[in-house]
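Below, each structure is written out as structure tokens.
The same chain A turns up in both complexes below, where it pairs with chain B and then with chain C.
For the complex of A and B:
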């Protein structure tokens, strides 16, 4: 058998295998995800600097990190930010999805305009959302939100200069940004609801509220859970919007976990502690993903 | 008291319109406000009550931004990165989607899920080891390395989306062509790709929007101002902005978001269906 024939057979065998088709994908993902993940875990147990040099293995970074008051501040800011962002994005997203669905069923064009308005907020790059809201929150005479509060008879709010207010400001901006995602997902979920079941409930005399809580919500439960997990992951990973809006300040009051990683590594040059914080974020990502995969699987069986 | 059906329907509609008005104001007001800021004179920036519609609009603010800031450079950089990213992401994910759609093999389901899992990982986390690696290889400030990471970030989405699209085309179509002597690459190029053109276009649009918005990766891997994409460029511009130059920052922001907003408004039907199919399938 000639070399040529052997080679041809080899090529044919390969063409019948998925390997060459999947290889480029596997290589890119391995290089950009798997290698960095292993590396960041390794780095978190060293005293290495940002750009090379000698180092040794130690768990000191974790001890320093967990012992520092910054750590508890970061956790507090992150938890508040994530919790309120997720709750309100989903609540608002669901209400808007219901309203848009009602309008679409009646053939109202305004429902499409509404959907587009919500979506356009979501299409804007995160940093620019941060810049836009920073302009709205201005505390000088240029600040329009404070003007509106005055016009409605309220006092001015130190949106960005007071630690507590700043965290609320960042959360509101994030709700504005992320509501579209929940809206789209839940709207799609509503479209899959069996119309006859809802109709039957109506005929049986169930009120709109009863139909919502007793029929729709239970049917939508799986998709609501999946939505919850995806939105939580996204919110934990938020970086760009907060960086442009407050830069983590005032003080470190809005320094959520992703921002804290950047700050520790590139501003304070504590690579080890930054890496340890990154491992923490990675663990959060992993737990949420595990829950997500679990939900997906049960979803498929039912 | 009985309300007639028609009356109650009119009430419902009125209620819906009122709700829509509130929602639209909440979501469009920030954009409208920045647009209005971008067209103001300096005194108008600080006027009380605010100037809602600056007349005459100061288009010269845009001229200033284009001539005195590197925003055109930033936009061009973004365009280069986005085009390269979309090209390579589609190339790699089309092959992979074909593999996942047309072959059965062991661990297929777990590998598909593994691809999806990468989408959940924060780009901040992966950028740090990559920064160290690229730094040691002298590959910081290099579009090849930046685009590679961009591609990796959009790949999970495009692969899943295209795989779903290929799945809708029956395998018998491929088989018939293969029996006729076509290779698998020919089947993909001549039969599947033309049929899937709308799906590929949608994947390209979403990949483009995602890469246009990308911030963390270039923020960490690029520190040469001449190479900044528009997202990083604007943050840089913001850091040199005083309250008195807010109109310029506003104009620059409007310039940066116009391409994505235009795409979304024009193509939202496709985008919405792509997002929901992707999200519902996983």
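For the complex of A and C:
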């Protein structure tokens, strides 16, 4: 076989393969996703600072992270923030999706208004949401909620100055922000439910509660689970709203993992320690993503 | 037809060439020894948005800067190339430090004065270009961060100072000691909602306006001579602990509300102050213009200023800050031109007066207070006295950011009741010692 013929065969084989089509995407992914991840992991094993200068390889960043007097507080605040955010975002998202669906079925124009209003909360940047809720929660005369409480004859509530209340306040603001996403996903899921199955259940005499719990929820289970994972990852990564609302205080009572990364890198210039904390967050997100992929595969099989 | 067209094109090109040559010759003759605007080259000038012509929402400042730049460009032959950094000044300084360590810092850059000592390795000496300016013109606290190894490495061009503000209709004699603060505060209970307010949140205002004046006035030092954290040792620990205990006492006695934890910077308190619910507060001079504006020019007629009280009622210390220019270009001609520009727009008598007027800053060079063009306010003379007698800047050491974060957390924990002063201090010490 001549060299020319071999080259032609190689070109033909390559033209028939998906490799040339996938290669540009693979390169983009390698530069924008894989390289930064490798770099973060590498930096996490250094004592590098944001201000440059020499650095050496060490496990000190991880020792400082796990030995910090605030490590358990940070994890506790994050878990509470994520757990309640996710539960209520999904619950309220589902309730709103059901209401909007029922409204649409009855030809009510208000369902479109409701959908738009809920979506607007999702479209507002986190920093702005933080500022809006800060104005609502203020304990001064400018605080909207405390003003209303006073008007109703109640005393002031320390929404942001009491450590426990501050974490609850931040979580409520995040629920308000994230409910729309769950609503969109679950509303789309509700639209895909087979009408004949729901109709059959109704004909068989199932009550509204029974139709919801025994027909709708089992059918929506894959979407609910995927929603759970996506919302969880999103909430673990939230820091902009918390930064604008409390800055992590009082003390470190609202300092979630993502905010701690920002603080370590951009306020204290500890690139190594910030990277180590980012690796912790990356690990949490990787576990969530693995669950998501597994659920997606299960859904495909069924 | 074709020939005629070819000839006319040739003629046109000849004519064009001759015109250009003539214009260049005439331009050269007409310019004499003076260079035209920008002919000597560009100078990079980097500032945060509020100090820049770029991304600045304050039109008065932009107008001042555009005029100052244009005038200087016309007279010097250089051009200014504005670069803007982040509005998060701490992050902007961190990025600049990284650029400087790699030799990529812009020719002129703005640096927060307390961070400037970290740029000493990279900033270029400016002594040869300071003709007309005397180092002794600057307040002592500013000189401490401008000079290293006997060389002037930075030019501070604004400053600010912290003070106790009190309502003169409610407080006849301002408190000087902590005991007096508690006494006057208790007398104000019932008359105003918040007798005594100070920043106690997670930001620098908590350090500069609240904790550091208390701590320093007892002789405390945050770091040792090598720049390592020392606030948890010996007499420093005693000073820090009593500062935190006083803060706790203010809250326990009911003169300071727990909501102070929401106020990380001085201007966060403006809403409460303007609403008339505060009797005394620890704040900064830069709050005055905005408070005047939002109270309809009633602020200065109602409020007076005094030095921040100390534990003993003597040995007062307050904190000052401000902004610095560093010159990083190694080109000697550019260095000279850079200082010339900075003098014209920000550092010379006229430049500093002009910039302080539009920005509401305090001049950091003493002669500027006597320049007729400088317009201060009712408190300017008092602030000047505080700057001269009592002001200190934060230490410009690498460990300061860690110390600041740990102590901001300690103050918020004490005010919110999460921890006792001793517990909060011990945790802060443990945090910074790693």
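The rule is short, and it goes like this: the second predicted complex is superposed on the first by the 267 of 302 C-alpha atoms of A that agree within 3 Å, B and C clash if a C-alpha of one lies under 4 Å from a C-alpha of the other, contacts with A are read in each partner's own complex, and residues count from 1 in each chain.
In this section, a residue touches a chain if its C-beta (ideal position, glycine included) is under 8 Å from a C-beta of that chain, and two chains touch if they have at least 3 such contacts.
The shown structure was predicted, so the numbers you read here are calculated from the model rather than taken from an experiment.
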Partner chain(s) touched by A:205 [first = chain B, second = chain C, both, neither]: neither
First, second, both or neither for A:138, with chain B first and chain C second: both
Which superposed partner A:233 touches (first chain B, second chain C, both, neither): first
Partner chain(s) touched by A:17 [first = chain B, second = chain C, both, neither]: first
Partner chain in contact with A:263 - chain B first, chain C second, else both or neither: second
Which of chain B and chain C A:106 touches, first, second, both or neither: first
Which superposed partner A:163 touches (first chain B, second chain C, both, neither): second
Which of chain B and chain C A:155 touches, first, second, both or neither: neither
Chain B and chain C footprints on chain A, overlapping residues: 50-52, 134, 138, 140-142, 266
Complex contact set, residues of chain B against chain A: 12-13, 16-17, 19-20, 23-24, 26-28, 30-31, 33-34, 37, 45-50, 91-93, 95-96, 98-100, 102-103, 105, 111, 113, 115, 117-118, 120-133, 135-136, 148-149, 151-153, 155-156, 159, 183-184, 209, 212-213, 215-216, 219-220, 230-232, 234-235, 238, 243, 246, 249-250, 253, 256-257, 260-261, 263-265, 268, 271-272, 275-276, 279-280, 282
In the complex with chain A, residue positions of chain C that touch it: 88, 90-91, 94-95, 97-98, 100-102, 118, 201-203, 257-262, 264, 271-272, 275, 277, 401-402, 405, 409, 412-413, 415-416, 418-419, 427, 430-431, 434
Chain A residues within the chain B interface of the complex: 15, 17-18, 20-22, 24-25, 28-29, 31-33, 35-37, 39-40, 43, 50-52, 96, 99, 102-103, 106, 108, 110-111, 113-121, 123-128, 131-136, 138, 140-142, 144, 147, 151, 176, 179, 184-185, 187-189, 192, 223, 226, 230, 233, 236-237, 239-240, 243-244, 258, 261-262, 265-266, 271, 274-275, 278, 281-282, 285, 288-289, 292-293, 296
Parts of chain A lying in touch with chain C, wherever the complex brings them together: 50-53, 60, 64, 67-70, 134, 138-142, 158, 160-163, 246-253, 263, 266-270
